[in-house]
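After this come two complexes, each holding subunit A, first together with subunit B and then together with subunit C.
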Partner chain A sequence: ESGDPQRTALLLRKAWTLYSVTPLYRFCRGRLRDYARLLSAFIAAERQKGLAVEVGVELDIKVALSILPELQGSEQDQPAVLVQLSSRSRASSKNSEDKILWSGCFCCVYGDDLSENMPEDFTCLPLFLANGAESYMSVVGNWFQKTFDCIFRRLAISPFNLSWMVAMWVGCKVDKAASAMELVFSVPRLPQPLDISYAIHPEDARALWDTIQKTPGEITQEEVDVFMDCLYSHFHRHFKIRLSATKLVKISTAIASAHCDGIVKMLHSQYLSGVLMLLTELAISQIQ
Partner chain B sequence: HIATSLPLPSERDHLRPRIDLIVFVIDIKSKCSLKNVEDSLAYVDANFFLGKVYFLVTGVGRVNCCSIEINAISKLRETYCSPVLFCELELEGVRVATAQRLLRILQICAGLVPGFSALSFSLLMRNSADD
Partner chain C sequence: MDETVAEYIRRTVLKIPRDEIKTVLQKWGFLSETQLQTVNFHQIKDNISQEVVQLCEENSAGIKQAAVLDIIYNHIYQNKKIWSVYQMRKTGEELEYFDLTDFKKKFKRRLQSALKNVTITFREYEDNAIWIRVAWGTPHRQPNQYKPSYVVYHSQTPYAFISASVLKSNLPLLCQALTVASNYHDIREMELRSHSLNSLKDIVFNRYSQNFQTYCPKPLQEKAVEPESEDLRISNENRREKERIQRLNQEAFGDGPQPILQFAQYKLETMFKSNPKMDVLDKKQPFRCLVKFSSPHLLESLKSLAPAGMADAPLSPLLTCIPQKARNYFRIREKKGVFPESFVSP
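Then we have the complex of A and B:
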């Protein structure tokens, strides 16, 4: 199904903070307008209390909830739900455009593992992407947790999973000139923090991966290990530093970049679904 | 005695006491430590694997920092028929408890606990881990 590319494009090129969300109780897709109203009232109340306020700004905050049907993997997946907080400064004219303050997106791409045995009253949307000020995330998160009896937790990405992402994305074909593949490592136990950035020409990285991957479309743990070991030994040959003793904290490819604190940026619309599928899997394993 | 890798330097062979237990420490945050252990295992005499070799995996408190896959650890346990202990050495309480465990295991491996041999004890450890 081809959805409106403009709508999913709003997921691209933004830094999203990842959360895992336990299933929502009695969440009804038909009541989005009601929810938007309730959330709006909740935000106003919190701001009266002095929370979620940006200093010195007088804003009317509008809440909009919508469905993104394009972000779905299998038939069983719930379509994604987008939450947007926008503002119109009281000072500006009526015709000026709303500014989007904060966006959040619940989604589930091939989350069959979780939704399979779920009782009817529960909606499975295990992955949550947040973009914007933390104070808004806090308020919106609290409302959802109270209203639907769910729990939000930050989703971190281990170096192990980051190396899987590198292997999965380095082989993806991109039409225009791709940016360099970059790996950032943090060296532990030093008095001063030290980060090592290892940039590789995307064609070289792809060529290396092509010699390692045996079955197109399939990746094994062994192949990922060999790929990373090749990169590490190449680095060691030149700099005498063992990257395998450091912590891989961030990866960047033409498809997407990911940081171990659970922050991702998706760069290519064609592979958006694939990235979300991987992140959904990580979210589900954090929940279970 | 602590060594960063095997084989031990041969100059001190004649001064070294009998070795009753070898504990290989793997930091789950460092792939390098796993590789180091795998390389060092080649230098261990086969007799040690009858209950005198243990793997100690540390760093398990930080699931989000792991660079090694659990299957790799399981494979080590299977291949070398030796028990794996999990701990978090960065926490003092766990460090002390782990040290006490290892001392007890050492006592058994040195034959100081009547009724338990190194081999019988390691079989006990492995069977309970598999349940």
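Then we have the complex of A and C:
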């Protein structure tokens, strides 16, 4: 099953929890229908055992696996695989629409570093995005791990990588009014914890970045450092607080937002691929 | 008893933690002690509230009594709401004798003449605090008892504390009624908000101690005997720095407990200035930022930053001035003139 360009829009404006996934053994793109059936049976069995139960309503859970061919970077990349759990309440009529309970997406955007020397039996889809109840993630994750001998691990994002993201995304041009660039810092180990939100007008943030970035399309570590130092020193000038001593936990730009616990929200279709490429890179680092 | 009243009482009782229900009902005083004895306060809350509603039915409770119960609940659990501070002004300096009856009459009259359907409830507490609950309706609809506004007015002061009600359109009318009833001519909202009503009172009534003007602390004495370390120089320096930070913190924050605020917000419209060595932004326009600090106890948190090594001492006056200036919302612009480093806050 191939998707259409509209379908990548389903990745936008949702909070996705990130995982890294080691290569899947003997995963066959042609057998998606079979996999859906097997996963469905697995879920049903787990629910009978009392796991992954949604309190109250009687639900029939339908499983669908499909390919999203638009989500790949290079020729070597495997096209993305979408897993969706939907429900139709047994009580409602046949014409009612299925409600999507949970979505998961395996993808690989410019994952050549990993796929380069991979033996044939292995499929590289190192990045996994999950949206929906944790209980469903648990069941689906277990099934994939058992069936394809892979390992899912939560993907945390370090302050170092968050800084890169903010530098990369602040310069992106967006046609409609951009939202502010926001950095959120946390200082947990004080007697009373403190959170600091530092939001900058998008035009001013971009103007600052533009004077720092030397080559369009290229970003160096030094430029990222200078950018962050500028923001930190502007803050210090006013408040005498050293933000560099605190923990950067979340960043937000018009393109996307990211939280250190490994939760991202992608907001702009034009830059979707770029964001996924960066996340793929992080996932691969965690695997290797 | 009206079923909407019954439902309202039921829901109000459900909000109360189970172990406190009896005490709250006793404070309410609408049900007799004998009646309260008949209730099993150890069963699940759902059942307790049903029994309470039954008893209220016996006593023919109306919306007035239900509103009193709600005020009592909100007085006890006042920190669940966010309170904004309002300051009133009058033209003359005369201290008029405060007549509570007159105040209530004028307040009710002002609201009722504008809106036919309002439920107004008063309750007096210690410290000259008058609690007012207003449930708002329209000419065609009964008041919405679930979204009332609360006002706490201290009659000997020009201050009133208002809990941000969802129905913000009623705020001007509320302010007007308050001003008229208390014989002031003007009211303004201060840029000061917190969950902790008592802390707001501490700040505006100057009940906290920030700077000891008259009390001179004893000068810090150099310890005569050096305990463990061989290298006296190193210990001394560290200690001196720690003492310096502590002294500056004390000057800025005072010795006493800090008022409890949960947030401070700064809208910055100052120029971006970089290290001249860095070839970066040098616009003639302000670098627009919005900074928000949040903490369960903001001032204590800020006070601990310098000792923890995360901030310089003294901490910026933008932060330490919060209780003095009685505000936690600021707009900071560049001060034009001789010292471009200083900021103005309108």
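Brief remarks follow.
Heads up, the rule we're going with is that the second predicted complex is superposed on the first by the 284 of 288 C-alpha atoms of A that agree within 3 Å, B and C clash if a C-alpha of one lies under 4 Å from a C-alpha of the other, contacts with A are read in each partner's own complex, and residues count from 1 in each chain.
Note that in this section contacts are C-beta pairs under 8 Å (C-beta built on N, C-alpha and C of every residue); 3 or more make two chains touch, one makes a residue touch a chain.
Model, not experiment: these values are computed from the prediction.
In the overlay built on the shared chain, the residue A:196 is in contact with subunit C alone; subunit B does not reach it. In the superposition on chain A, A:211 contacts subunit C only, with no contact to subunit B.
Annotation for subunit A, partner touching more residues between subunit B and subunit C: C. In the superposition on chain A, A:248 makes contact with subunit B only, not with subunit C.
By the touch criterion stated above, A:238 is placed in contact with subunit C alone, subunit B being left untouched.
In the superposed model, A:269 makes contact with neither subunit B nor subunit C.
Of the two partner chains placed around the shared chain by superposition, subunit B is the only one that A:221 touches, whereas subunit C remains out of contact.
By the document's definition of touching, of the two partners only subunit C reaches A:180; subunit B does not. In the superposed model, A:160 makes contact with subunit B only, not with subunit C.
Shared contact residues on subunit A (touching subunit B in one structure, subunit C in the other): 242, 245-246. Subunit A makes touch with subunit B in their complex at residues 156-160, 163, 188, 221, 228, 232, 242, 244-248, 260. On subunit C, the positions that touch subunit A within their shared complex are 266, 268, 270, 272-275, 278-281, 283, 285-298, 300-302, 304-305, 308-312, 314-316, 318-319, 332, 341, 343.
Across the complex, subunit B meets subunit A through its residues 29-33, 35, 63-69, 71.
Every residue of subunit A that touches subunit C in the complex is listed here, in rising order: 180, 187, 189-201, 204, 207-208, 211-212, 226, 229-230, 233-235, 237-242, 245-246.
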